[in-house]
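Questions regarding the structure given below will be posed in turn.
Chain lettering (A, B, C and D) follows the sequence in which the chains are written, and residue indices restart at 1 in each chain.
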Amino acid sequence: MAAANKGPIRLGMVGGGRDAFIGGVHRIAARLDGHYELVAGALSGNPKKARASGVDLGLDPDRCYGTYSEMVGGETARPDGIEAVAIVTPNHMHFPPAKAFLEAGIHVICDKPLTLTLAEAKKLAAVVEKTGKLFVLTHNYTGYPMIRQAREMVRKGQLGTLRLVQSEYPQDWLSEKLEASGHKQADWRTDPKRSGAGGCIGDIGTHAWNLATFVSGLETESLCADLDSFVKGRKLDDNANVMLRFKGGAKGMIWASQVAPGNENALKLRVYGTKGGLEWEQEHPNQLWFTPFGEPKRLITRGGAGSIDAAGRVTRVPPGHPEGYLEGFANIYSEAAAAIHAHRKKNGKIPKGVLFPTVTDGLDGMRFIDACVRSSKKNAAWIKL
Amino acid sequence: MAAANKGPIRLGMVGGGRDAFIGGVHRIAARLDGHYELVAGALSGNPKKARASGVDLGLDPDRCYGTYSEMVGGETARPDGIEAVAIVTPNHMHFPPAKAFLEAGIHVICDKPLTLTLAEAKKLAAVVEKTGKLFVLTHNYTGYPMIRQAREMVRKGQLGTLRLVQSEYPQDWLSEKLEASGHKQADWRTDPKRSGAGGCIGDIGTHAWNLATFVSGLETESLCADLDSFVKGRKLDDNANVMLRFKGGAKGMIWASQVAPGNENALKLRVYGTKGGLEWEQEHPNQLWFTPFGEPKRLITRGGAGSIDAAGRVTRVPPGHPEGYLEGFANIYSEAAAAIHAHRKKNGKIPKGVLFPTVTDGLDGMRFIDACVRSSKKNAAWIKL
Amino acid sequence: MAAANKGPIRLGMVGGGRDAFIGGVHRIAARLDGHYELVAGALSGNPKKARASGVDLGLDPDRCYGTYSEMVGGETARPDGIEAVAIVTPNHMHFPPAKAFLEAGIHVICDKPLTLTLAEAKKLAAVVEKTGKLFVLTHNYTGYPMIRQAREMVRKGQLGTLRLVQSEYPQDWLSEKLEASGHKQADWRTDPKRSGAGGCIGDIGTHAWNLATFVSGLETESLCADLDSFVKGRKLDDNANVMLRFKGGAKGMIWASQVAPGNENALKLRVYGTKGGLEWEQEHPNQLWFTPFGEPKRLITRGGAGSIDAAGRVTRVPPGHPEGYLEGFANIYSEAAAAIHAHRKKNGKIPKGVLFPTVTDGLDGMRFIDACVRSSKKNAAWIKL
Amino acid sequence: MAAANKGPIRLGMVGGGRDAFIGGVHRIAARLDGHYELVAGALSGNPKKARASGVDLGLDPDRCYGTYSEMVGGETARPDGIEAVAIVTPNHMHFPPAKAFLEAGIHVICDKPLTLTLAEAKKLAAVVEKTGKLFVLTHNYTGYPMIRQAREMVRKGQLGTLRLVQSEYPQDWLSEKLEASGHKQADWRTDPKRSGAGGCIGDIGTHAWNLATFVSGLETESLCADLDSFVKGRKLDDNANVMLRFKGGAKGMIWASQVAPGNENALKLRVYGTKGGLEWEQEHPNQLWFTPFGEPKRLITRGGAGSIDAAGRVTRVPPGHPEGYLEGFANIYSEAAAAIHAHRKKNGKIPKGVLFPTVTDGLDGMRFIDACVRSSKKNAAWIKL
């Protein structure tokens, strides 16, 4: 099957059909750098809609499956079957297809949070290890070039010993009871059966925490979390105030909210050490503010003066021409592609520098969500992670 | 003594001599609107330096006192003695002179935090009540016009029911052990004997908390505080992570730090309710961001479109010509002057709208500091306020 | 040839091979929304490099041509020949291939400025008219959603009668004599034989002017331009100061520079009328500032509150997730795709709302460059456009 | 009269009574640093109002004059007569009192622009020279610390050889015909009899130009100016587009407008040279952006890292505590005070570093206004300055 190892990576997708949101983002991300070709899909939980959605996208009707199980069967039976699958369903539908595709020898690219429950997450990690297939978690903000740069600067010691991490992710879209209006995104994201035990903390709090640990390299020792459901009748938290203690003594705070009017996706990360500080905002992602202690603050721009290789290898256009959310997301796909290409070869090695979130990051994230929920239930007591 | 009740208010000062910082600020604030004349001083704890500092400022040598006690004696003996005294010493020297002047029938304008200890604070509140004199606490950030506007907008219900308050005050000047170098400001601010039990939390954390409650009108029910001394050998905290629970269910976070490189006086307040959100930054104090939920964010400027009387009555120049820290500070002095003028008259009433922090605010602040310190000692347990 | 009218648009490319810059951008832009498939190329002026570059991109070796003429021949001979070609060469190589492909019945998507000279531009406009094929000029900044919104707001009268337009595009990359170092982009852009009579004014001044007229709808009556070559030995202008008079009495200024340190691609447009003002910056393209006169400034965000259909139809992700340069560029390609799809059908009509720069815009741009150069040569005299 | 040479400088004021604007600003500026005592005034063109305004301010009734001539007489007759006078009247009333006070041996601090006409300006310059008294022009923006720093950085060569200056001062308050509503400020500022031949160009265009030359040190060789009165029936220009040519080859642009909705006092200066660029905005005056070519942009803050003596000597509070318009204005008064103190002594020398705009700057400004008006009348032809 040498032929099957050439050309763009053959990608399938689970979820992401009509009315979905994140599926479209994944498709653009997969397409942007030309590494993938979407060839198959089980694009909805509703088999009819699943097939119709595939036709919408111009897929071969034979490869528009009604369910992910059919897709596993159909694709493994073909010589040109998919090499990787993107799972872009609500959280409760991450584990079952992920397990099935991994066990069928197909790499998985999966949306976050990893699974519905921590128990599932642990099982999935075991499946990944056992199968040896790639598992890529789309913690997409880690794909932003200036986040890569921030991480590298921390690793190189440019901030000295870290003392403080402030990470926040406020939104306002759930300020009113949107789920009562039949809004699809609001509906499943506020439903514990499909979202898991965390609402806001699972949807965006994990992003804030993931980014904090990705950049700082710090390991969370314990936390105390005060979760609220401000909107009457809401089943999951829509605001999370969290304090963190990291191993080694650094401290942190996380604020995630879906009820803060005036905030769209205002994810912001600040990291401070003995020698300097870094600040970054997702809504202006091409800029990284760096202050070496005692010197003027410096504006490092993607591709501009002061930017380094860690950022340059995931950037496409010159400084001053903004890259955005889709480019950052595409970086995860392109990093995954590099890994998949390595897997195509016998004893292939993933090239140096290639970086993407894995099942381990996903498991850590589930532990974080779980700890936050447990802490909050104990009146925001401190909990070991 | 009708004559003594005319003209600018006769002001004395305790502290603020050579090498001091905040005394000069108070003097400019007192002078800016022309309501006061500085006529006497005990400007240092060192009697010689105290007198020399008075001469530096052009005071009548007879009114350059060596100690505050001498000043109480000397001024009460004169027909044209001071009507008010500004106390601008380190925290441990707030209570003794404040008590002495109040009991001598002289109004007191005092720097924050109120006192060295909560016990002292309670005593001082009693002295104020007993003497009936004015006690003005210079929580100067409450003097900023846009902070006044924010408070009024909350009171008018423009944000609906409040849910969230985020207040932060990061600095970086104590990132290294500056107190070891003989730096006067660093020296006393990190010394529990002169500063009290709170370092960062007392120096700037109280500002962040005071501002949050001034604008939101919310009452703190309980808090959990994680205080750190990151700089080796430092005797007081230099970073404070705090979570708040307000009566009625709103939640809050406070972050105060003296070790966050790249931050000068980055006090920032954000308040969110069911109907809208407000955001304000001390370093750009003429701007207030207001988002009515579901509408575009609006930039309200001091004196500009959208600004209201609560701001207008404490503003001097047109929009687009920035006012700053000194003007905000002067507003406290000018509000105090309005109150002192009312006291000059028998049965005089303080005009409507006049607003300044009092001993009650100071006592609340001391309770906040005390609770933070206690919480932190109990491993950041939740503490009722 | 019904088959040939299905599926993604078959695209060829002239220029954009190894070491090129803008070709890669065009390829991503074409790929992002999935409307095109790149199937053929004459990717360099050097036939050997042209073919090798095609192989790099994974093109069928039969369709990796040495020259654009070969490509015209080869593709018109195939039943599945290209339907459109992207011309991404230096300016002197726009006209010859554009003419050849149009005359071969192939739509053209061409980089700006239109041609080397105004004379060529006029000829090209005639060719477009005669052939009836589509000609799309990638004045890519017109693809930004908030620019679309700004234009629509002006058309709807939300600014009242326009009075002022301020447009600027400063860069700094040519502050030193980069062309002397063999830098490919600097080399051709400062060479009159390949760039035309305008340097900075042709490269970026046209963008500033195009955007100003696209949004304002104003027609330039006359201008006076002061062009400079600040870098010693540079053959073309690297800074342009321009004043504009529009028909109807509005006035404008344009500043374009390649020698302003601290500027990357700081394109900024401001438009003011009797009723309000708009401000937009390319480096933060998801934000549009709108001030109705006498009201607070409002921040309109892409996809957020206050955004309108004109923006919404060219946006992909929710507010707060930034789109950037590539998405704006892709919007031009997707608009072109809508037009090409219409052309596929007999009597097909371009859907309402589809908007892209055409040869007319290109001709206007050449007239602007020409007028600027003539004005500057006459000591910056006023020149009718 | 040794006694008269001690203590605060005895200051008089012409203009600035009830309903005036800038007079109040001058009084605060004079008071802020404690160098002056306002002791006399002829505060209005209406003698009755003039006297009443003086009483409002608490002046000795004997020194509340009905006219400036009376004041000259009254004050020169007193042993404790004023040493300096602030002239804060509309432009047509600058020259007569300035001449009278100078000839009476009294220093003059005068608002800008210098006079009603260029002819008057030349006469005034001659009077200043003949009398040897101080003449201080309150081009107040030159008092901002970061503007002082910018100037010094240019002089030290940190920008290399200057190439470009961009200066702009947009406002919006005259977007409608405010002068028709009896608005006092609008009334005289749009009246050629009181304002002179320049409206917007005289009121704020001169500020933009003055600041550009103050910081850059460049001398204007020629200019072309396109002035407009956009509001129907307005007698003076309300928008000015200007292009500049400096001696030595640098170029510049000035935009001043009173009809740009969304702008309050958005004075902005940008200066670029071979080695770097500087950017500064009046509405955020504590920040100066500096980009050494090829390095990341740096944020220099007043009093913070990177700030230099030239800024430090005119600053009062630590970095991060904003100073504003009044502090900048006060710096001019304090610099003037240093000069007046030097004049008090026989052979007194103005201390090194003291810097304030003089009659020469005022004369230059009048030449600039005059040239702009002449250029505009000649259809915006180039005019030598």
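Quick note on the criterion: contacts are C-beta pairs under 8 Å (C-beta built on N, C-alpha and C of every residue); 3 or more make two chains touch, one makes a residue touch a chain.
Which protein is which chain? UniProt says A, B, C, D = Gfo/Idh/MocA family oxidoreductase.
Since the model is a prediction, treat every value here as computed from it, not as a measurement.
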{"item": "Shortest chain-hopping distance from chain A out to chain C", "value": "1"}
{"item": "Result of counting contacting C-beta pairs for A-D and A-B, higher pair", "value": "A-B"}
{"item": "Rounded Å distance between chain A and chain B, as computed from the means of their C-alpha atoms", "value": "44"}
{"item": "Centroid spacing, where centroids are CA-atom means, of chain A and chain D in whole angstrom", "value": "56"}
{"item": "Overlap residues in chain A, where contacts from two or more other chains coincide", "value": "263, 290, 297, 301, 304"}
{"item": "Chain C contact footprint on chain A (complex, rising order)", "value": "7, 21, 24-25, 27-28, 31-34, 58, 171, 263-266, 282-286, 301, 304, 316-327"}
{"item": "Footprint of chain D on chain A - complex, ascending", "value": "290, 294-301, 304-306"}
{"item": "Contact set on chain C toward chain D in their complex", "value": "163-164, 166, 168, 172, 175-176, 224, 226, 228, 230, 239, 241, 243, 245, 249, 251-253, 255, 257, 259-263, 270, 272-277, 279, 289-293, 297, 379-380, 382"}
